[in-house]
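Two complexes come next, and they have one chain in common, chain A, joined by chain B in the first and chain C in the second.
Showing the complex of A and B:
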């Protein structure tokens, strides 16, 4: 099945040391006839702080949100700001060169077009 | 060493504060489970609130919400934030493999720690983080009293 799966961080991130602790962004993944879309919640992340890489079919999302200006006395803390990290193993049938990424309102959307081979094809029946 | 449950969205904490979190979590689950099944509770944004001498600052995580569609009001010393995170999972032609984001409409009200100038409240949203700045009223501002004497 063409279903992306989570992969362990350590195995694929030996080159760059991951931070000791990171947030795992909540991600929706859906498939349409054209391709696969990942939508990840990364509040506070700017395009400068975001890195999306694909290496051997492993899609890695890394982001460092801008630190919040910690002014005054904290009265309530329901969320903290820290780096995001998540890795997905992609099915082999997606072309990493054609991934389209947009960041809007703290939401990262990645569109992965399907290779032509995977697209559903309707076969016209000719009546003689 | 005792096994510690994996906590995805928390930074490293001391044993004591994570114990406190566990207990808080247990209690909050206890109170919500009567009406809502586990994990299906309506979403509402996480808030950070801080206070300076001049203002009360409220930060909220609102990824994917159009800030213009938010309804923010101050009545007396109560701040209310209303909004909706629209559920797109029902759209036709989408075959979902994962649904981890949470959706729904929400209302959060909180009593402010000081009286504020309601007509000078500003709200800005940047990359899915909302900041509401509520300047304190003159009476509520901290005044430094100079001690005179010899």
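Showing the complex of A and C:
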């Protein structure tokens, strides 16, 4: 079974260019009979700041979170707000054209259905 | 030969382990680039700011809803607890990658000055919880009018 793997994108354009520095979102990837699901943590990201692209089976996630309110003196700083970026090479078994993306409370869920040619189909037999 | 990252259980060594995984990935060809993995040793990652009239606590809790969270403010402390649920179905799923931690958590943040705990307000927006806790009137900075004798 082919698995989605992390890749460095070699052929860049404006949409797949990684930011100068970025966070790699923690991502769950699993497969069911319906297809492939990726769930990526991107706290602070709104749909406006999110860009998901697929080119030649390379899925690129790029997100710019909304700027955080920084008024006042810092007493504790455990996280920084910055762009998220990650690229996956998808197995060819999935139909990237039918990708379904939802963003809820900083959690991006991507669902890719299995491509039709892999679904079991019944062959009609004609009797002469 | 393919190197598959071992996803560590939550704990103080998780960040180190992840950094090691990333180093191995870089050396053995699965380069993640210059990106950093967001792995707080203590969950959730928390920022605290102090403004003139309040303390503002921000926590990264992606995927959690208000129902999953409990926020308590006492005189000198904010306590945040809750549960991180897995998005992976219990059955019928082939797992390729599990990087999101799950389970119960609880952490406390000490507030450096007196606050009006009953006036605290919590909002959850895009996976970031923000709790604003007003200071008591006595602890707010006062402007002293200086009279100049001419």
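Just so it is clear, the second predicted complex is superposed on the first by the 107 of 128 C-alpha atoms of A that agree within 3 Å, B and C clash if a C-alpha of one lies under 4 Å from a C-alpha of the other, contacts with A are read in each partner's own complex, and residues count from 1 in each chain.
The working rule: a residue touches a chain if its C-beta (ideal position, glycine included) is under 8 Å from a C-beta of that chain, and two chains touch if they have at least 3 such contacts.
Please read these numbers as outputs of a predicted model, since none were measured by experiment.
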item: When chain B and chain C are modelled together on chain A, clash or fit; value: clash
item: First, second, both or neither for A:77, with chain B first and chain C second; value: both
item: First (chain B), second (chain C), both or neither touched by A:86; value: second
item: Comparison of chain B and chain C by chain A residues contacted; value: C
item: Touched partner set for A:127, first chain B, second chain C, both or neither; value: neither
item: Chain B and chain C contact sites that coincide on chain A, given as residue numbers; value: 3-4, 20-21, 23-24, 26-33, 39, 41-46, 65-66, 68, 70-79, 105-107
item: Parts of chain A lying in touch with chain C, wherever the complex brings them together; value: 1, 3-8, 18, 20-33, 37, 39, 41-46, 65-66, 68-79, 85-86, 104-107, 109
item: Touch list for chain A against partner chain B, complex; value: 3-4, 20-21, 23-24, 26-33, 39, 41-46, 65-66, 68, 70-80, 82, 103, 105-107
item: Complex contact set, residues of chain C against chain A; value: 25, 30-40, 42, 45-52, 55-56, 58, 60-65, 86-89, 92-101, 109, 112, 124, 126-128
item: Chain B to chain A touching residues, read off their complex; value: 8-12, 46-53, 55, 57, 59, 61-67, 88-89, 93-102, 110, 113, 125-129
